[in-house]
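Each of the two complexes below includes subunit A, the first together with subunit B, the second together with subunit C.
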Partner chain A sequence: MTMDALTSLFLLVDGLTNGAVYSLLGLSLVLVYTTTRVVNIAQGEYITFGALTYASFLESTLAPVAYVVAAGGAACLLLDLRRARHGQRSLLRPLAGYLGAFLALAVLCMLSLRLPFAGLRMLASAALVAALGPIVYRLTVEPKPDSSTVVLVIIGVGVAMILHPLALLLWGPDPRPVPALSDASLAFAGIGVGAQSLFIVAISLAAALALYLFFRHTLAGKALRAASINREGAEYCGIPVVFAGRLSYFLAAALSGLSGMLLAPLVTAHYEMGFVVGLKGFVGAAMGGLINYPLSVAGVFLVGALESFASFLSSAYRDALVFALVIPILLWRNRGGAAHDE
Partner chain B sequence: MLGIKRSAAALSLAGLALAHAANADTRPELRIGVVSSMTGGASAIAAGAVATINLMQERLGQDAELPFRVTFVKYDDGSDPARAVNAARKLIQEDRVHLVICCTTTPASLAVNKVVEEEKTPNLSLASAAAVIEPADQHRFTFKTPLTDRLMIVRTVDYLRSKGYRTVAFMGLEDSYGEGGWVEFQRIAGEKGMKIVSAERFARGDTNFTPQAMRVVRQKPDAVYVHAIPPSSALAHESLRRVGFGGEILHGAGSSTAALIAVGKKAIEGAVVGTAALTVYRQLPASHPIKPVVERFVGLYEGKYGAGKADLFAAQAYDTVNIPVAAYRQVVAAGKASGLAQARLALRDAIEQTREYVGVTGIYNYSPQDHLGLDGRSTFLAIVRNGKFELLK
Partner chain C sequence: MHSTKSILVGTTLVLATMIAALPTYYAGLLALAGIHAIVCLGLSFLLAAGQLSLGHAAFLGTGAYAAAILTRDAGWPPLLALAAAVAGCAALACLLGHLTLRLRGHYLPLATLAWGMAIHVCFGAATGVTGGASGLPDIPAFSLHGAVLGTRAMTALTWGVVALSFLAFCRIHRGRIGRAAAAIKSNPTMASAFGVDVAAVKIRIFVLSAAMTALAGGLYAFYMQFLSPGSFSVGASFNLLIMVVLGGVLHPLGALLGAIAFTGLEIGAQYLVASLLDLPGQMESMLFGAILIAALLRWPNGLMTWVRVPRSAAAPAMKGHAVSPAGADRLPARALRVEAVEKHFGGLRALQGVSLEIGAARITGLIGPNGAGKSTLFNVMTAVLPATRGRITLGGEPLARTSAQVVRQGVARTFQHVQLVAELSVLENVMLGGYIHGRAGLLAAALGRDRAEERALAAAAHAALAQVGLAAEAGRPVAELTLGSQRLVEVARALMAHPRVLLLDEPAAGLREPEKRALVALMRRLRDERGMAILLVEHDMDLVMGCVDYLFVLNYGELLSQGASAEVQRDPAVVAAYLGAEA
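Entry: the complex of A and B
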């Protein structure tokens, strides 16, 4: 079938919106990989949790994930206390830290239950989902500090297999509609573009830029990178490696959760929404070798656009085409020989 | 003091036991084995059926008028066909049931067919696909109660023809549900002279349905049929409207749930949805035979579980229990209830001879060739108006 210019433009605009959704995911994957060397298969599940948590707050009910975070946090606290006692360090520090985090989350949840501000509710949902990140890290990755990449990937698969049905258990199978931040729509060269799409693109690009600047130009960012390149060397230089891992999981979960909240008005919040988005984010991030932020962002936009055109040309094969994109990307990454990448 | 209390308690216990013995049920027994997907991926579908079966167990247990007593043995298959087969075998061999109600899903029901054929025990499946009972000569012991996609699509295509439409586009999920709908739609539309100008697929995890909608619109079909479940079906509908499709959009029975309207809101207005009597029973004329049955079921179900809770999955299970109970009356009356093997065969034959049985899902006429037993009288079309399903006359 032939495509006229208007159709192509329409497809391109939709593809770029999709790319922006995937880009927050791609960024989370790069963030986690550059600091911990974990290829996090479970990253897409945070999208689901972000969207459903936000949907719960919009219904003015406490998101059931709060209990999971409370229980998980308590388990982590016990583990940390045990470790502090073994290392004969003060028990007060972990206690104070966890108590502070608990109080902050509790206050945020209470406030967003009382006050009907979308921004506040997004913040509370992002904080809850973000808290899930370090809990998962503490319980799954941290006990195995010297595991090979393959073991870490398998851990990620396991976490995904737990989080996916957990979302079904907590929220049930029904899709929940989520209102857009703004119902406005702009006419752009004859095409209606929803304000929500523009929000998604703007926030994704801002997040990419912020992460890029953080890792290139701040001491903390450089320390995080150092921790991933050489764990022991970083530790000798006084970089708290364990803390680096938790921080990156925290940020990555927050970004993915945010992506879910932005996506939910377009496709509703339901328990199956995250995983495939996670995989497509992964295809895009592969273009940046999971380490390069700008290239990864370019990659996810390419995936979004390709998906949009493939859906138009042959909807039955669109996912196959998107995932097949990994092959040319890997060939291209390896163009300088195997030694080119780490 | 304590001693007195104790002996009083012992006495009353003994009294209870005596009273029980005096009332011991001497009626013959109908043992029904149930395998449902209480946990796992299909648990959302099974939930309503499990609730109905619990309700029926309670009610049949109290029913002293029945010429037999009904006992239930229930297992969970975890949405796994292999576990369903094991559970069905255990029900038949160890629990010695007269009948199994198995299973929630199509794959499990297909897998269990061999067991019930070998063991010569009747089975009533809650699965939707016609493959569960076809061909009937290889599925002598399996019956089913839920409507099939085929019946629903015949109704939908007849509607399209009655409106004078010639061309239609298909949009559907790319999983087994969507594929089943596509196979039936392609065949039935072809037989009835409709031209399918475009067939597009999408997945439940998709974030964008516009490209497929654009392709459909460019073929300028008179109408579009969407075979999916919410939210995908509602989102596909929205996308069609967004790209300027002004024709009629029809949906399969998978979309006849409250979620379609909750997700689609204003965009879904005017959608025509294939459905069963339960969704539109209030608007049926008082003379309609199904109406009082649905009213009775909804009253019972919502009396126990709360208003607005009754869904199609719950309704299907109501017929699944009531049809064999009605059939077993004949078995007992004919004096064939003694001996497990004889009773099973007699029950199978009695179910197959069910004629004009009015259930919640429809009017059943089983025969050696047809183990679904439903016809066009059981299918309805509803239109979404002002955020509600209205019967389309």
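Entry: the complex of A and C
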């Protein structure tokens, strides 16, 4: 098949819209890595959960994930209470914190069930999925925060093995429809681009910029990065390292959940959607070495474009080509990037 | 020894009975457990070297498909096809390993995940060759000289391979490369400092694990006589990882235990989930994920936490005659000379124009306030860091450029923060120092051809321990020793390399008074009897002033003073640097 200019342009635009899908996930990966040193293989699952939770709200049913969040939150509360008693600190603070979070979530969910506002429902879905983040962190990373990189990666594998079938268990195997924010379509040089895709691009660029500025130029951002580089040193400086880890997982899960909600109209919400998207987001984020936001965004767009062109050349081998791309990217990072110790 | 033999015999009998007597279905499950065990042996050793592979199912599939296609479509005899599949996979692993094993930290698992998925996609996409998603049917059964092997025979064959592989890996594990692998996992810089070519060893271990996995894949193809890409997905790679982590990485036995336990768990979980709870089939991976996380957080050694394997009984210390390590005669004089060395880290000038000499048959001291650059100078002298400017020569020849080569030139060191491998015993840690004098690789160890070399090495290690006064501690796990004793173990390890220049980085920190006296006596013996050049970096002034022949003082990266200890002590510049100038 020949590739003329119009085809190339079409593929490029298609690729960029694909890339936009992966970009929010790529940002989440960088966020988690720079603040906790965890290479979160399970990050893609939050996409699935975000999409399916939103689909549930659209059907005016309470997403079953709410029960998982409640149960997980209770477990974490017990662990925190035990730790507070051990350290002879007040039990009221954790209790108040968890109760406050629980009430906020409960109110959001109830309102979303009654009031059919898309924005409110998206917020509630994002909040529910985001709540999963710190729960996972509390149960899998906090017990041994100084685990080696290898151990943290394997833990991520374990989390993926739990979350992936969990989505299947909670929502069943059938895909659920999710309407787009807007069905409009804009035309660029004779090629139609969906408004939904443009939304995704805009939001991911804005998020990348915000994260970049936050971590580079604000004290809080630098404190969060410090917590991952030298945990003890950061503690001596008064940086709340525990809170830092939970916060970053919260934000990362929120970002991924949001990307799931935006992606769902394009591919329908089903339990398999997150994993492969997550892995392709990895490929893109690897370009930034998992530490650099703008490069990650560039990377995911490159992945999207490559996927599009590879699809045109050979659709069966498309994924193989995309994943094989990781290796030269990592080699380039390893050589050209800064000496990157664990 | 007796108990180990009887355990082995008993296990073989039980296994043979099971293969012969169980219903065919269960005998077949045993075959699967055996196939998993073969993979886990290789993967476990890989993980013991600190390398995490999330894509090993790709090698399993490559071996399986290669063997199947060669037998079914090209008409090759099964044994030949199996051998070719293993060789092909090993070549693939060699290529992939060279590309990616230099990747640090988290990059390597990502790379393995990536190619694992890429290869898996290829299995499904190459419909002409592999039959694609509908699978590859009609694979002929394994046959030897025309005798076709049924299920029970395949199970027996598989477990025969498991037994031989287990034996081989046990030997490798307690041999030279096994020690090197543990050292690489613990601290690659330290491993390099004793001559281990870290990249090469990692690649070899990786290729070995891929070859084992391909072998298992081939056996799987002949056993199942049908292949589909779904068996080699990323989920399968994750399951292999769970088996290895569940069993524990401390010893190859963990691989066997993990494979068997996992296969049992999988059947039990499938029964539980499908029949009792009536849930969709993927639910058992939730259980496995939970087990994986719990194991990592709570029981990092997996099932091996409860199974004690006696560490190899290396040759016991020969009583009677004092065995001095080979090469204990007076060594040819070689001085380490540092000429106008500068080291910059970006804008920070850690060393500025430092020149010093560590003369043969002399104890040279290097002191300086904290932050003076002593550790940087140390690292430059051992080629851990390259000097920005200046020269370092050893006996007139330039110093080698990597630390692995430097130790072969005869420069050995200890570390400021003790770098011993916690999983190994004291004796094994010391034997690591003799790495450069050994030649046994993976194959030699697997075949048991390294016995003589290992005995000699163990004897030399005993002698080295005797020299530092720790002969009685040889068999103990290194973590049980006091810090002071651990420092002496480091000295013994350094002596094993037959150094002409011995660099000691704060060896007295944490030593008690009698230990310090013993250390000084040891240094004097080495200087007088062997003509060794010794560099002592220390903070303990009494110790330093009492035993050095020549002293250098470093301050802010520059040489502040040098001379005999008495002169240096009186030097006003030195006094000012340490105690502050008088008002």
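Some notes on this structure:
Rule of thumb we're sticking to: the second predicted complex is superposed on the first by the 335 of 342 C-alpha atoms of A that agree within 3 Å, B and C clash if a C-alpha of one lies under 4 Å from a C-alpha of the other, contacts with A are read in each partner's own complex, and residues count from 1 in each chain.
Basically, a contact is a pair of C-beta atoms (placed from the backbone, for glycine too) under 8 Å apart; a residue touches a chain by one contact, two chains touch by 3 or more.
Nothing here was measured: the structure is a model prediction, and the numbers come from that model.
In the superposition on chain A, contact of A:P173 is made with both subunit B and subunit C.
Once the two complexes are overlaid on the shared chain, A:I162 sits against subunit C while remaining clear of subunit B.
In the overlay built on the shared chain, the residue A:E272 is in contact with subunit B alone; subunit C does not reach it. In the superposed three-chain model, the partner touching more residues of subunit A is C, compared with the other of subunit B and subunit C.
Contacts of A:A316 after superposition on the shared chain: both subunit B and subunit C are touched. By the touch criterion defined above, A:L123 reaches neither subunit B nor subunit C. Shared-chain residue A:V283: touches subunit C; no touch with subunit B. Of the two partner chains, subunit C is the only one touched by A:V153; subunit B is not. For the contact definition in use here, the residues of subunit A common to its subunit B contact set and its subunit C contact set are 168, 173, 316, 319.
Residue ranges of subunit C in contact with subunit A, taken from their complex: 47, 50, 52, 54, 99-100, 102-107, 109-111, 113-115, 117-119, 121-122, 124-125, 127, 238, 241, 245, 279-280, 282-283, 285-286, 288-290, 292-293, 296-297, 300.
The touching residues of subunit B, counted against subunit A in their complex, run 44, 174, 200-208, 210-212, 214-215, 218, 230-231, 234-235, 242-243, 259, 262-263, 265.
Residues 1, 7, 10-11, 14-15, 17-18, 21, 168, 172-177, 192, 263, 266-268, 270, 272-277, 307-312, 315-316, 319 of subunit A are the ones touching subunit B in the complex. On the side of subunit A, the complex with subunit C involves touching residues 33, 39, 41, 139-140, 143-144, 147, 149-151, 153-155, 157-162, 164-166, 168-169, 173, 279, 282-283, 286, 290, 314, 316-317, 319-321, 323-324, 326-327, 330-331, 333-334, 340-342.
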